[in-house]
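In the two complexes that follow, chain A is the common piece, with chain B as its partner first and chain C second.
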Partner chain A sequence: MTAVEIFRQLRSAFAPKTLICGVLIGFGALCLLGRQAARENLHKHFIRFTQWTGPETKYYPTVNEMMAIVRAKIKPGQILVVVGGNSVLRGVGQPPERVWTKYLQENLGDGYCVVNFAFNGSGVTDGGAVAAEALRREFPRQIYMANAAPTQGSVPDGSVVYRFMFWDAYHKGLLVDDPARNAAIHESHKLPYYAEGMNELHAREWLDHWFYFQDFWNDITLVKFNTVWGFYVPGLTKFLQPRKRLPDPEPDFLAMPMSSRYVEANLEAEMLNVRGCSVYAYNKDAEGKWQPYTPVWDQFFAATKGLFPPELKQRTLILMSRNSPYYIRRLAPDEQERNDLAYLDAVKNWQKIGYASMDYGSDFTIDDYGDRTHLTWHGGVKLAKLVSVKVGAMSQELGYLDKR
Partner chain B sequence: MNPLETFLKSAPVKHAFSLLVGLAVGVLFHYLLFRLTLPVQPFIYVAF
Partner chain C sequence: MIFNTYWFILFAGIVIPVFWMLKKPFLRVPFLAVACAVFHYHYAGPAGMAPIIALGALTYVLGLTRNRFACIAGIIVSVLALCFYKYAHFLTGEVLTLINPAWGPAVEVSAKKLLPGLVAPGGSIYLFVPPLGMSFFAFEFVHYLYEVRKGAAPLRNPLHFLLFAIFFPTLVAGPIKRFGQFVPALQDGANNVNSADVAEGLRRIATGFIKKVIIADNLTLAIDYYVPQFEALDLLTRWFIFTLIAMRILMDFSGYSDIAIGLARLLGVKIPENFNWPYAAKSIQDFWQRWHISLSSWIRDYVYIPLGGNRHGLVRKILNGLIAFALVGLWHGPAWNFVIWGLYHGLGLAICSNYAAVPSAGPKLQGWLARSPRTCWVATQLFAWLGWLVFFYPVPQALRMAGLLFGVK
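Our next item is the complex of A and B:
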């Protein structure tokens, strides 16, 4: 019998109605299992998202996934502290057992539950911000924090890489319907850079709110076997290995030589970054004093409009991450003065628009920094101390401590 | 009619086979929705 004859016989063996029933049952069952996966905590012993559980390796955590982590970690009566922001707060260069949020948890004690939802390169409205907002009714006693640079604003629905989280939550009806934010999003999407790919993203998240394929296949990828392969997966023989078996690869900055942390060849480029924090924000007046350059700060106020719904502003702490003294000491004295002003004015301006804000790093040493901006675990201990005091004060002001 | 043909044409086998293939197609379709809607390029992190 030829292959064609075998194929014909197999085809005649199908019962069309049963086949369609099978398709519907198979697809429907996975949708239901996806809904189930969305309620379960897939990340046992969660410390932070790693390269294996982030967009760097095409893993896109869902808002339900993050909410489930919080529900699994938090104990009754605890105040929820969600850490968002970028690689600095994620703890790049701090091994998992010495990540700064562990020290923050220790400092704050049992009354608080600290969860690190920061991602490399994410902004103030990404990741953790979305999860915290989605949990606002379940855990109303919450503090959200993220970091930013002076004069840096953001986009309400998040940066291009991470905005999938916002739209995931949006299509699942988990966010506040805030007209000011909606208007700001509408405005930002007029720019081609932000508009690109939005139709595809809406389609994906709209379909997912019905079919829950992201939660289901993230569960499989993380726990059972990897379903999203690529050049980033270590070793050809390990491409099916579940992501949860891949260890957090974060190195310890303090175990690395100074020459690889502060690379001589990058000095010029890093000094441009350091100067970039303040150089455009001030001009000298006739008396030689630094004066704010209004258009830059106006742009800051425009880029912070509608970032968070009004009811979530007060519980949001914006940290101003200063650069390492290794670079700051190389600035001329008047540049150092301008740099200081930029951080202090940025804190004041975030406070002016309704957020809590503080800067850190002015008294940190070179060893507290692993490179220009990321902290060593040593610096993480110092940051945790400063932030825990601020979180305590915010909890007091917000009346969280009265309701215990 | 050869033995394979006879076996495949029996009603229970025909329905079981169709159901199994249908289930596989349903699972595949769900997976394709997941994979085809993922961004094409992974995010390359350099330094921020």
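Our next item is the complex of A and C:
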């Protein structure tokens, strides 16, 4: 067969209708692979989402992916404990073998299954919150926890970076249809900052609920080969290696010198952050006592309206993360008093609107903290101890232990 | 890029199959016009659409008159609109300031006083934000009126004119269309779109996405990471990054054109090619016959030739070429580096097309180059690729990077 004949045969093989059929069949096959990937646990030996499996490196975990992790990890009869929240609960500064949720699992024992779905910079309604809600029927005995700062509210569909997770679950029909939450979302989207990009996000998630392309590409990039060049992979050509091969790069804060954890040059900025937790929320009265500044707390109540459907409030634990004593000690005595008050009032206010809440860190040492907010593994051990007691008490109150 | 937004995928996923299903050409054309209007409205918004509607309506009506002066007036309006929307800020902020540092800010302050309702929170003036695809609209309208002025029959069917103006595959990034080619192609598509068109369209779209999303976008990330540390890199890696910069712009621009051509082809409409293996060019003239063909041919037909082209002696020919290429540069954006990039190519082209006239040495060099096509290719590509440094980076940085490529610190 001559080269011309081979070319002619190839051309006839790619005749228009053949090509169109091929494209359609190929597309259909990829959608099926996406559906298959959505059912599989892509993260064997999952500990937490790492730098390589978060939006900061263009990896966008899907709700199916998180649900698959839980299904692979949980044993029959276990109570599900989903940890959401931000980098503090993700365990930044704690190496994977000493992350605080590992100690929480140890403290709670075999009756519980702890999964860490916290992400850097995420709020109480992001990531883990969505996964837990999507699993509410399958695993009704569940506790969800996240952390926040005093007077900090949230947005029901999540912060701008992470709200793709909420809308992913929403378009797949996995969330509770809660009118109060819908109204709160509608209200928040009146602000241009929140409204921006929503059409595009809806289009993406609606298309994805048919075609499952996000699960497909996450499977490819995690297990087969990375698809996006990133500065995090050394060398120009090594970026193609699958992300699962990249180790969790979290450093051990406790092994680092104090001077790099508590950077002198940042002291002023960090003190501003520490004061920011309480300075706007209180005024002194005529007797010199701190009194809540009502507009700020009203704003807190407005910003916590409709965050979770009523049936999920009681199983939700909001942790108030205190700052390191390294900074607290530098506050004036009356500022320290105001700071204490802010955390205690925040806990009370979360409880008032139906959530479980507790603060931690008042008796932690400087070595328990890696920096202003993040804990060392040493602090993680302490946090795990406190939280496990609270989770036990919540399980009792929610009647989970009776159903065993 | 608009073509990889999910809204666009939904839009195309609905519009194109409906276009196929309509079967009758008299239904397809109005349907496509409505779809293009929806597309334009979605991405440009009412504020971006209004000036284009006004400019388009004016161009259409003036074209119908077939009056020479009316057409010239329309051309002037289109050019002024382009200058106002795209270059007013550059003219006030850069050009006037260069002449007298006080003039630029003074004009901006006066403009803000005159247009208080149009000042954005950041202080910029909304009117100076160019509507989506403004450069393409202006160039296509100028071409239309110029050809009508020269005697071409104007478009009487308003739907044909509307589609010439806002045909969604080419609205954002071209290629720049010619109405004499586009309208017959549109009618042909409405009458005869078939499976061969669809197959070819899909192939072109796939090629375009591979070039743009897989290659160019990844290269952009790598280049953005390595360029700030260019000096610290070893010589080989510098040349590697330099090659990536050249590949990135080709893949980006030609990928976008491939997608536009492919989308048009799904509707049965054949759009002229915009890139033809430019990195295979063996001379600068050859390069410009292969790179962004619709822009370079537009500039040739509506700037270079009307200025006199090569008809008035060597000095005028070179000057006309420099003006034309400065405009090619400025078309890419209102910044000095684009102007310098254009002039760089204008100068290169002037040397390339006239060196043979230099007594004694010219013919010898020409003869030697004719026998060394590889040398011609290397020299042409080196010239074009070095030009990309000026295109992408401020001139001092571009010169520093160019020096570093040859080991000069």
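As a convention for this text, the second predicted complex is superposed on the first by the 387 of 404 C-alpha atoms of A that agree within 3 Å, B and C clash if a C-alpha of one lies under 4 Å from a C-alpha of the other, contacts with A are read in each partner's own complex, and residues count from 1 in each chain.
As a working rule, contacts are C-beta pairs under 8 Å (C-beta built on N, C-alpha and C of every residue); 3 or more make two chains touch, one makes a residue touch a chain.
Just so it is clear, the model here is predicted, and its values are computed rather than measured.
In the superposed model, A:95 lies in contact with neither chain B nor chain C. Look at A:204: by the touch rule set out above, it reaches both chain B and chain C.
In the superposed model, A:86 lies in contact with chain B only, and not with chain C. Partner contacting the larger number of chain A residues, of chain B and chain C: B.
In the superposition on chain A, A:292 contacts neither chain B nor chain C. In the superposition on chain A, contact of A:153 is made with neither chain B nor chain C. Within the superposed three-chain model, A:229 lies in touch with chain C and out of touch with chain B [touch as defined at top].
Chain A uses residues 14-16, 19-20, 23, 200, 203-204, 207, 227-228, 230 to touch chain B in one structure and chain C in the other. Those residues of chain A that touch chain B in the complex are listed here as 1, 6, 9-10, 12-16, 18-31, 54-58, 60, 86-87, 120-121, 161, 197, 200, 203-204, 207-208, 211, 213-214, 216-217, 227-228, 230, 232, 371, 373.
Chain contact summary for the complex, chain B toward chain A: residues 2, 4-5, 8-9, 13-15, 17-27, 29-31, 33-35, 37-39, 42-45, 47-48.
Within the complex formed with chain A, the chain C residues making contact are 5-7, 9-10, 194-196, 198-200, 202-203, 214, 218-219, 221-222, 225-226, 240.
By the touch criterion given at the top, residues 14-17, 19-20, 23, 199-200, 203-204, 206-207, 227-231, 236 of chain A touch chain C in their complex.
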